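Below are structures written as structure tokens.
In what follows, chain A forms one complex with chain B and a second complex with chain C.
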Partner chain A sequence: MNELLQTISPLFPELVVAVTASAVIVVDASLPRERASAALPVLTVVGLLVALVGGPAVSAQGTYFGGYVRVDEFAVFFRTVFLLLAIFATMVAPAYLDRKRVPAAEYYATVLFSTIGAMTIALSTDLITLFVGLELMTIPVYVLAGMQRHDRFSNEAALKYFLLGAFSSALLVYGFAWLFGLSGSTRYADIARTVASTGMSDAATIVALGLVTAGLGFKAAAVPFHQWTPDAYEGAPTPATAFMSVAPKAAAFAAILRVLVSGMGPLAADWATVFALLAAVTMSVGNVVALVQTNTKRMLAYSSIAHTGYVLAAVAATGAGAPAGAAVLFYVFAYGLMNLGAFACLLYLDIEGTRGATLDELDGFARREPLGALAFAVFLVSLTGIPPTIGFVAKFFVIQPVLDAGFTWLAVVLAFNAVLAAFYYLRVVVHMYMYEPEGALPPVVSPRLLSFSLALSAAAVVVLGILPDSLYAWALAAAGPILP
Partner chain B sequence: MSYDLVGVILFAVLAIGIVGAGIGVVLLDRITASALLMAFTFLNVAGMFVLLGAETIAAFQVLIYVGAITVLILYGVMFTPQRERAYALFFQTQWPWAALVVAPLGIGVALVGLSFRDRATAVPAGGDLDALATSIFRDFAFPFEVASVLLLAAMIGAIVLVRRDD
Partner chain C sequence: MPDYNLSYVYVLAFFGAGVGIVAMMMMMSRMLAPRNPTREKLTAYESGEEPIGQAWGRYPTHFYVFALIFVVFDVEVIFLFPWAVLLRELGWRGVIEIALFLAILVVGLYYAWRKRALSWY
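Coming up: the complex of A and B.
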């Protein structure tokens, strides 16, 4: 018994989340509906908090399961990010789920399952664990997208996301097969050793690299692999959109860091240019298309593509060493906080179906829901990258290594894009604060739990924007294990 | 007739079976015929595994693909309301474009694949059940367990999406 506990204790957070997911389903089946809808979010958040707080205490750092599981600072950082995002996504949801008759227990369980998958990616030391984790992360998210079953946009979102997601998984696994064929092993360390000796001279390396880049590019929603994003984000139930715009993207970047930076690190000089180009195209296309959107949910979907571009810029700069890795981690953390918050702010408006508010529907929102509008404004300012918010600090940390890595042109593109983004983000703030409402507006609902969690995260966005040092130091430490 | 020649002939027969049946799956517009041809493709792939000395994998190929997956697809077809509709019109109008994109990619990948021929490192060891079991339940114990969580999550997801309203 002791031996068993010792074997599984490194996986404490994953096990707690898995048990919570099952408990949610069982509790839902055994309680009357009204009591279940009150108990389930509490149960979910408690389970996630136990995993978050107990994780570092119980799960000691080291390698386990014959070296196939590695708990290092990187894994701990991403575990924390995923657990925080899941807590946030749970706390903003209950009122919306009730109002739209979305099955609540299944929503929470699905978010929890997806979280386990994301954490598995962070723990992985080989391609098979990574792939299983990636699928466990994405398949529940397809379900989340389609959970509002009687809304045809939700159906469309789920189907599009599923088809393109399955397609990208196929590309990715085919790329993994090539990597295995090259190195005879699925471990990142062995792959790194092989590609270090063969280099890019081998055509098979190029094929593998291309397939893996395309597969992970789909998951992170990088242009030109982004086509599923706007429809999937717009059609999914809003709390699900909030979750799926951040967690899968964070997980995709965890995978990119593990596979490309650790596994294909010796070739960084070659793929960095490709990633710099991808980053520039991704941020530009995302921002330009976001500019012409009038539906805020769709606008935020395109803007999330632009943010993928900013993180990719930091990935391209990993030749500059630990600061670039830390920039990726810091940006992923910041993006998760502010983007989930921004989508969640749309939950104040009781809109028919799943589509988000148009700009006109946000006229005078500040007077109708002062706290919600303030939180929304904070998130939008942070997404723009204006001090004193975490969004500004995150962009600042990205630009420095990009310059150090010699991509001066990319830093210019990035700065130009930040200005472009200011236009459409701040336009929403102007509509909320300066326009008088005209015509029929959707009714405002203000659930207390939603306001509480948004206030908390908006405060975090500002506080971490003023005092980013300890978070950055942690990101720097977490970037250590993945850099060669 | 030497053993080598028999191997080459068998390989040719299986390869023609795989490619021919694969083309049939895509081009036929009767879905049941497509499904059965796909089973035939899987069966030929199993034959390939036997030829490579990987009997265990061949057995799994037959059990899982020829058995379970084909049956699942046929059930899926059976439960789907069939209407007189020209599937072909929808799926088969874009084939020149698809061919234009896929052909260079396919040829490229095939060429790179051929470059592997001289340094094939794969040892035919698929017949060893002990090694397979050790690999799954010791080395890959963690991903194996995660896969079972994945199945649970997928099952719950499927139920949410298709159950009747009460």
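Coming up: the complex of A and C.
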């Protein structure tokens, strides 16, 4: 028994989350509806906090399970990110789920299961672990998208997301098969050794690299693999959108770092240019299309594509070493915090169906819900990248390695895009604060838990924007195992 | 041609033989068999049912939920067989692991049961 405990202790956070998810299901099935709806968010958050706090204490760093899993600083960083995002996504949801009659236990349980998958991706040292984690993360998210069953947009979102997601998984696994065929192994370390000796001379390497890039590009919503994003984000229930716009994206970047940077690292000089181009196209298309959106939810969907572009720019700059990796990690953290917050701010408006508020419906929002509008403004300013917010610091950390890696043109594109993005983010702020409301506006609800969690994360956005040093130092340490 | 590609030649030969035999039998039946259709002979073969309505009829969606739960436990059995074969070698650790696996599935079944997914109406 002792030996068994020792074997599983490295996976303590994952196991705690899994037990919590099962407990959520059992509690919901056993308790009457009212008691369950009060108990479930508490249970979920407590479980996630135990995993968050207990994780570093119980799960020692090292390689486990015959080398399929490695707990290192990188994994610890991403575990923290995913657990925080899951806590945030749980805390903003209860009132909405209640109002829309979405089965709450299923929401919490799917968020938890998806979180386990995301954490598994960060732990992986092997393509097989990675793929299991990736599927465990994405399949619950398809369910989340379709959870508001009586809304046809929600159904559309789930179906589109599922079909394109399944397609991209197939591409990815085909790419993995090529990698296995090349190196005879699924370990990143063995793959890196093989590609270091063969280089790009082999056509098979190019095929493998292309398939893996396309597969992971789908998951991260990079242009030209982004078509599913706006419909899936717009149609999904808003708390689910908030979660699925950040956690799967963060996990996709964890996968990109693990596979491309540590597995295909020796070819970095070759794929970096491709990624720089992808980054430039992704951020430009995302921002330009977001400019013309009048629905905030759809606008934020395109904005999330643009942010993928910024992170991809940092990935392309791997030539600059650890600061590039740290920039990816820092940006993913910052993006998770501010984007989940921005989507969650739409939860104040009691809108029919799943669609987000139009710009006109946000007129005078600042007077109707001052705290919510303030939080929304903070998140939007941070997404724009204006100091003193975490969004500014994150962009700053991206630009430096991009310049060091010799992509001066990409740094120019990035700066230009940041200016472009300011227009549509700040337009929402203008609508909230300066326009007089006209006509019929959706009623405003202000659940206390939502306000509390938004205040907390908005404060974090500002504080980490002023004092980013310790977080950046941690991101730098976490990038160490990937980019020494 | 490398050795491992050669083994596909057998697959190809089997495929060819399979298609060939079926085609030959159908052709022979067409050439040799006497044909004398009556109304009785054209009805559904042996104990087949006369079709009622369209194939695109509606089914209760309940079947879908049952089918899903069935698939889960079907797959469970597939995992249980190899475990049962290796029971002695795996020892107590194997028992604990499979118990955990079953516990996870039982949680799902319990939820389905409590949410009345198993009752017909």
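We take it that the second predicted complex is superposed on the first by the 483 of 484 C-alpha atoms of A that agree within 3 Å, B and C clash if a C-alpha of one lies under 4 Å from a C-alpha of the other, contacts with A are read in each partner's own complex, and residues count from 1 in each chain.
One rule holds in what follows: a residue touches a chain if its C-beta (ideal position, glycine included) is under 8 Å from a C-beta of that chain, and two chains touch if they have at least 3 such contacts.
All of these numbers come straight from a predicted model, not from anything done at the bench.
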Chain A as common anchor, with chain B and chain C clashing or fitting: clash
Which superposed partner A:Leu136 touches (first chain B, second chain C, both, neither): first
Which superposed partner A:Leu449 touches (first chain B, second chain C, both, neither): neither
Contacts of A:Val26 with chain B and chain C, given as first, second, both or neither: second
Touching partner for A:Leu4 - first (chain B), second (chain C), both, neither: second
First (chain B), second (chain C), both or neither touched by A:Gly181: first
First (chain B), second (chain C), both or neither touched by A:Val288: neither
Greater chain A contact set [chain C / chain B]: B
Chain C-contacting residues of chain A that also contact chain B: 22, 25
Chain A-facing residues of chain B, complex: 108-109, 111-112, 115-116, 121, 138-143, 146-147, 149-150, 152-154, 156-157, 159-161
Footprint of chain C on chain A - complex, ascending: 4, 22, 25-26, 28-30
Complex interface listing, chain A residues touching chain B: 11, 18, 21-22, 25, 65-66, 68-69, 103, 106, 109-110, 113-114, 116-117, 120, 128-129, 132-133, 135-136, 139-140, 142-143, 146-147, 149, 158, 181, 184, 203-204, 206-207
Residues of chain C touching chain A in the complex: 93, 96, 103-104, 107-108, 110-111, 113-115
